[in-house]
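Common to both upcoming complexes is chain A, partnered first by chain B, then by chain C.
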Partner chain A sequence: MKKLQSSIPIIRGCFSIFKIKTAEGFQYRMAGLAGASTSIFWGLIEITVYTIFFKYANNREAGLQAGMTLRQIVSYVWLSQLFFLMQPMNIDKDILRKITSGDVAVELCRPLDLYFHWFAKTAASRLTPMFWRGSIILIFAMIMPLSYRLLPPESLTGFFFMILSIFSAFLLCTAYAMFICTVRLNVALGEGPAYILMLIGGILSGAYLPLQLWPDVMQKFLLYQPFAGYLDIPLRLYIGTMSTDSGLFAISLQLCWTVVFIAAGKVLMSFRLKNLIIQGG
Partner chain B sequence: MQIELKEICKNYKVSQRPEGRFGMLKGAFVRNTKTIKALDNITFNIRQGELVGYIGPNGAGKSTTVKIMSGILTPDSGSCTIMNRIPYKERKSHVSEIGVVFGQRSQLWWDVPVNDSFDLLKDIYDIPTIRYKKRFDELIEALSISDLLKTPVRQLSLGQRMRCEIASALLHSPKILFLDEPTIGLDAVSKLALRDFLKNENHKNGVTMILTTHDMDDIESLCSRVMVIGHGNLLYDGNLDMLKQQYAPLCNIKASLDKKTEKFHIEGTEDIKVVGNTWNVLYDPSKIPTHSIVEILTKKLPLKDIVIEQQDIDEIIAQMYKEMSL
Partner chain C sequence: MKSLKLYFKYIRINMLSGLQYKGWWLMILQTLIVVVTDPIGIILLFYRFGSVGEWSVEKILLIYAIAVTSFGLAETFSRGFDYFPWRMIRSGDFDRILLRPCSVFVQVAGSFFHIHRISRVFGGFCAIIWCMLKLDAVFSPLNVLVLIMALIGGYFAYTGVFVMTSGIAFFTIEGLDWIYIFTNASYQVTRCPIDYMPKILRNLFTFFMPMLVISYYPASAICGWGEGYAKGLLALPAGLAFLGFSLYIWRFGVRHYQSTGS
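What follows is the complex of A and B.
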């Protein structure tokens, strides 16, 4: 009980950081607009390519075998453009600056657990692109001509499970981003490992190619690996290629991976902080 | 004793590229590391309410000491106890009672109004609302930053930002304040205002302050005690006047004359230099009182003007660094 009580101020502090950081990100309207146009353009190209494959190629059955129709893929593409924004594709610029300039020192002068402090920050920076960029993409996807349009969810329960799953995906993305941050804390390693780790996550998430279209032999592995939780699982629930029963299992899988990454990040961070070298004066 | 450091040592490893023509290539495979002793047996105590200046040339180990005292770095050996805690072992509870200001690093949020940063700190330090409100008003008034609260930090001038930084470091009423070059880059007015504020804070709330700086005027106007560090060793610990006496015992009388006059010896003075129409008389005020020299000069010389100078504190420190071969 005492432990619980002492953790309340920490939670409040972290929430406060989350709030201030979100407010900060909310300012950037133009960046959102610019980003959204890239996403929409990219989404249109993808849909065009899929349409060509499904309409004119001889292996029309391949898509059917994979259990995805063209309409489902169109929805998948739009939603992956949206939720792709949650994925860690770079380290939060604020945190990165603190790591490289040695301002970690200042962060350590606060009575806060550095991991959860940064976790709150990272979470906010995962969420903020969704405001402007995300809502523009979403609106655009819904007013497209019919063959390019984002369809409503397959079922109401599916939609409900997707919302749950998106929330876990948000935590998972943040946990993995934090794991990368702690790797980056070793300044001597440089950018390389961090980017490799992020790219692996990106590819295995299904953002470039829906996981169900990957070779059959890989399907089992693809579903169990952590990055399916980024967006593939929620999107399967939305377009109805995953039953709600397995949905529950998939969501718990997401949460499991989240816990694993948080634990790994925390261990790595406490190890790093012990041997911390602070750059400059 | 509020702060006790005992035989603190800290080494850094620095990698160096091998020398020679192919050093760069070789450096990709083999690395020579050199160990640098940042701190070598540092021992000192500080009482509550003391205002201590901590000086030394660049790279002497000042910041390292401050970082150890604020719990960011772990020393290699030795013990450090602050308010009965070991800072680097109980970091969280330790830092909630200290404040840190790094002149060259900002702790405010760059893109949001100052006020938001303060609110955040309230939550981070878990300050009760009533106490926060009182302290907030107090600091706003003393640092006169009420007009700046709505402005994003990136649009503040350096002096304005520094005042906000100081306020943010003091919101939670810390018992110890570490200031790492707080007046760096500030104009004269801001500097004076800041010094006044710090003096006041120390006086009123009994906050212990440790100030590292290269600005000797800061030290002169604020600190009763000075510690000098060089090459990781504590070289001097005592008050500023003693330091001056030890390293700059001489005063200088500068006398401008109506016409050029030949040099003659005055009993008790150390040296006399004549440059054009000006005499520089160097003497030790503990051996011969100033007024008797002035008397002699007024009698024997066609005086136009007379100025009594103490040696500049910057020069003293520079000379001291030189003597200690830093």
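What follows is the complex of A and C.
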């Protein structure tokens, strides 16, 4: 009980850091607009490619056999353009600067747990691109001509489960980003390992190709690996290729992986902080 | 001649400073992984759906690989322009360059060099050779010439995009992200088989930014898909023309440059 009471100020501190960072990121309107144009361009190309394969490929039934219609894929593409934004693509600039300049020492003096302090910051920087850039993509996707349009969710319960799942996906992305961040604490290794870890997550999330269209032998593995929870599980719930029963199971899977990554990040961080080399002078 | 020597001196110094990091080979590995995994979506799509008419996965990959290799060349040897808007205009470092009695173009182009970018060229080139072998293309002197001209033309075209971005950056630095459409996103277009590609995309990447001229037409000429060698050899002039147009914008920008930073 006592421990719980002492953790309240920490939670409050982290929450206000989250709020400040979010408000800060909210200001970049123009960058959001320009960024959205790229996402929309990318989405349109993807949809064109899928349409060609569904209409003209020699084995054009293959998509339906894998359980996806073209309309479902179109919705999948638009939503993946939107939720792709919360995947860790780089380490938060602020944190990276602190690592490379040696300001970690200053951060350690604060009466806040370093892991959760940075967790709040990372979470905010994953969330803010979704405001401007995300809403522009979403509006655009809804007013496209019919064959390119984002369709409404398959069912209301599916939509409800997707919201739950997106929330877990957000926590999962942040937890993994923090895990990468603790790897990056070893400055001598440079950026290489961090980017490789991010890339693996990106590929296995379904952003390159919906996981259901991957080879059949891999399907079991693809569903259980942590990165399905980034993108694929919420989107399957939206387009209705996953029943709500298995949805509950999938969401708990997402949360399990979140806990695993948080634990791994915390352990690795305390290990790294024990023999941390401070840069600069 | 003097500027060329200066350029290579810049590149050498930047390369040596990059090698100071212990993990530099990890960066090469990382970029190589990016290059290899990037087309994974389209390969798996072909694996599930089979060919599209006469378009097999090797054909698509060949066009894609030529575009990626040219982009990699531009990224390796004109990196300075890619970084210019963010690293030089914002900080005011460009003023210092203007004061030196040497070519501004060379100084900016040589200002950054990352050795790991070469892995995009390497990966792309291996893919070109693999696809050509798979497609039974003949390695005759004419074909090799067309390929080399295509890569040089592509290098000019993508350098043109970087130079144009830098030119526009003199007027606005916010919201330059859309230029991404003509760099990293541009070679994604080659994933559409050209017969089925929407007209607007085809025209945009033929007549404005000549991405298809430097990738599809040379590939078609080499493997005999129906486009003649005359169109295949257009890659170099088209790349040069686009670079010339970009240089015009760049010059216009330099003339109107007002100092920033402090």
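For this structure, a couple of remarks:
To be clear about the criterion, the second predicted complex is superposed on the first by the 281 of 281 C-alpha atoms of A that agree within 3 Å, B and C clash if a C-alpha of one lies under 4 Å from a C-alpha of the other, contacts with A are read in each partner's own complex, and residues count from 1 in each chain.
Criterion: contacts are C-beta pairs under 8 Å (C-beta built on N, C-alpha and C of every residue); 3 or more make two chains touch, one makes a residue touch a chain.
Keep in mind that what you see is a predicted model, and the values were worked out from it rather than measured.
In the superposition on chain A, A:112 makes contact with chain B only, while chain C stays out of contact range. In the superposition on chain A, contact is made by A:274 with chain B only, not with chain C. By the touch criterion defined above, A:192 lies against chain C but remains apart from chain B after alignment on the C-alpha atoms of chain A. When the two structures are aligned on the shared chain, A:220 is found in touch with neither chain B nor chain C. Of the two partners chain B and chain C, more residues of chain A are touched by C. Of the two partner chains placed by the overlay, neither chain B nor chain C lies in contact with A:93. Using the contact criterion defined above for the overlaid structures, shared-chain residue A:9 touches chain B, although it does not reach chain C. Comparing the two complexes, no residue of chain A contacts chain B in one case and chain C in the other. Listed in rising order, the residues of chain A touching chain B in the complex are 9, 12-13, 15-17, 20, 23-24, 27, 94, 101-103, 105-106, 108-113, 274, 276-278, 281. Residues of chain A touching chain C in their complex: 30-31, 33-35, 37-38, 41-42, 45, 48-49, 52-53, 56-60, 62-63, 66, 188-193, 195-196, 199, 203, 208-209, 213-215. Residues of chain C that touch chain A in their complex: 21-24, 26-27, 29-30, 33-34, 37, 40-42, 44-45, 47-53, 174-178, 180-181, 185, 188-189, 191-193, 196-198, 201.
Within the complex formed with chain A, the chain B residues making contact are 12, 63, 67, 70-74, 91-93, 95-96, 98, 100, 102, 104-107, 109-112, 116-117, 119-120, 123-126, 180.
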